[in-house]
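Each of the next two complexes has subunit A plus one more chain, namely subunit B in the first and subunit C in the second.
Moving on to the complex of A and B:
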């Protein structure tokens, strides 16, 4: 199998440079997000939102990142079915795991945020908002993906069938985008009757918001490449353990 | 093309003949539907429930019966050891088409039976029977389309039986939302502002699209599951 896999060599110095850049970038973003001093960083206060508006820098980029991860995972599953390279399966699996992580983080940050703003005075933590439902279903799908993986023993068969399920689930998700908003009311900006994101967000917040998106995708890239490399090393170790016949 | 149709039909008629011989799936599904509707009845009691709750309960029964019954399609082939024979004699798409047709008819039958029992036992009044039948038909198509590929997937896995609902239910959420909404409209008739058909148009479109997409994707993906 090893011969079929495209070269797994990593340009380590370049990798370290990008890693350093992501770490510095995210540090600046987090500092900016929590910074209270100075006029230009002091976010405008909106009734009820107040300082929770800073969650915009975390909650929303987590969603964007999760969407990006879902696309990455489905792409590698598709490529796996095309050429059967083991590395494609490793990548699809690593991305799916991170999609679960970012999905849960997004759900938690959103749920806490909504509890203290939209649903203030009530005892609601979870209300079926279309975007929330969709994220929950995405997490369920990736959960099912891992259950399916654990039910298959043969590595080659596992990779192939998991890729089929991943792609099959991926094509049904857009229907949620169509069906859900027509049946459930949304409080999110941009939903029917609500002002769009650009109308209610002060321009100053975008100086942190857009870099935060890039930063979170960078964090994903770091975790993702690390998981992929770890999986490759694990595979090589497993291959060493196998007795040569 | 005629060759292909012939092959798909042969797979279908083989399944049908085996089923009529043992009647395992049909009997099991009937009993499952009856038992679960009776459970619903006992749980609800003589309570007067809203059309939304009625439509939701009906479709939950249908989805669970599909998840229990349709997994058989490919597991039976593995158990009888006839997979290799089918792989050698037919192309994957023929097998898929034959199994899809069989599953579709099975789900449609289950839908009609559970609907009949449900309507009589819970004394539900249907304002728009045409809408209800169309919803059942499109729902059965989408449901069997999604389940047939997943049944082929779980036949390859070790745990098998209980795996199907885990894989199936997250994918069926768009279907469930649409069918429940359309069924609810067909029970209630008019909704404020428009009549039942206009209010259900979006759901019917979504159901048609869902069935089309899952069947297309299944045809494209089936060979990867079926061939070793």
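Moving on to the complex of A and C:
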């Protein structure tokens, strides 16, 4: 094992630069998301959707971010199985936690959106649309990662088994969030093999949608790095309690 | 000032009934009242605000949890320093 000091695993000056960039970026994204009035980024009015089309900038990036998180988490689990460095387990765990957070936010925001569009005039918030159900299962799969971890006491065994499970969880992502929902009739765009950007999605929305995805992934990275730094301090404190070799 | 561009309503003619609720004429539609009335006003702009606020509060909640973790770390560190001084 290379003698890398634990504190070197997070590049703090770089973290601060990215933090500033993310804050400025997201501020512009939110301003753009709510902009209207004839001058900038007007969106067409579509029956039933109306202004809620703007949720494209908030609800959909939750899922793109969750996919990005799944890649990050699986990468670190894979590296952990390769070399057994504890930092890999720390990173995989921190990322998986944020996968659950973004997944829950995606589910809740989707439910609110559906209540005021698809289910307008009813008291319904959830009607088991295939994509919703699959996404909920996906969040539960990542939630189970933490249940599994809490069930194992030996740190090394826990890290190893959790890493293997995390790779399994990652493999399910493209199927549950992409392949299966598209093969069923769904109110979500992209069902029946249609492109997710349907004809009624005005092209101008892409100018906000893609930056929003980048911005939310940036927000994830900040929260994730904070967790990694905290977990590292925890480990260095724990290491002090262990007898010197 | 340009207004939002109006697209013709095709939901009743081209929409496939994918869902047991949406587009189903047998599901009774209630008169909106209270909170829903506010949410649906102004071309449903408040729904977008609600979604943005849910995400904002969710992320803030997470930041608070991280802070709590840091509080715990500080306590542990202080205990250790106290132990070393004994």
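The criterion applied here is as follows: the second predicted complex is superposed on the first by the 208 of 245 C-alpha atoms of A that agree within 3 Å, B and C clash if a C-alpha of one lies under 4 Å from a C-alpha of the other, contacts with A are read in each partner's own complex, and residues count from 1 in each chain.
One rule holds for everything that comes next: a contact is a pair of C-beta atoms (placed from the backbone, for glycine too) under 8 Å apart; a residue touches a chain by one contact, two chains touch by 3 or more.
Predicted, not measured: the structure shown is a model, and the values here were computed from it.
Judged by the touch definition given at the top, the superposed model places A:203 against neither subunit B nor subunit C.
Annotation for subunit A, partner touching more residues between subunit B and subunit C: C. With both structures placed on the common chain, the touch criterion links A:13 to neither subunit B nor subunit C.
Contact with subunit B, but none with subunit C, is seen for A:137 once the two complexes are overlaid on the shared chain.
Chain contact summary for the complex, subunit C toward subunit A: residues 1-11, 16, 18-22, 27-30, 32, 36, 39-40, 42-45, 47-48, 50-52, 54-55, 58-59, 62-63, 66, 69-70, 73, 76-77, 80. Subunit A meets subunit B in the complex at residues 81, 133, 137, 140-141, 143-144, 147-148, 151-153, 157, 160-161, 163-165, 167-169, 171-172, 175-176, 178-180, 182-183. Considering their complex, residues 146, 149-150, 153-154, 156-159, 163, 166-167, 169-171, 173-174, 177-178, 181, 202-203, 206, 209-210, 213-214, 217-218, 221, 224-225, 228 of subunit B touch subunit A.
Across the interface of their complex, subunit C is touched by residues 30, 33-34, 36-38, 42-52, 54-55, 58-59, 62, 98, 101, 104-105, 108-109, 112-113, 116-124, 127, 129, 185-187, 191, 200, 219, 223, 226-227, 230, 233-234, 237, 240 of subunit A.
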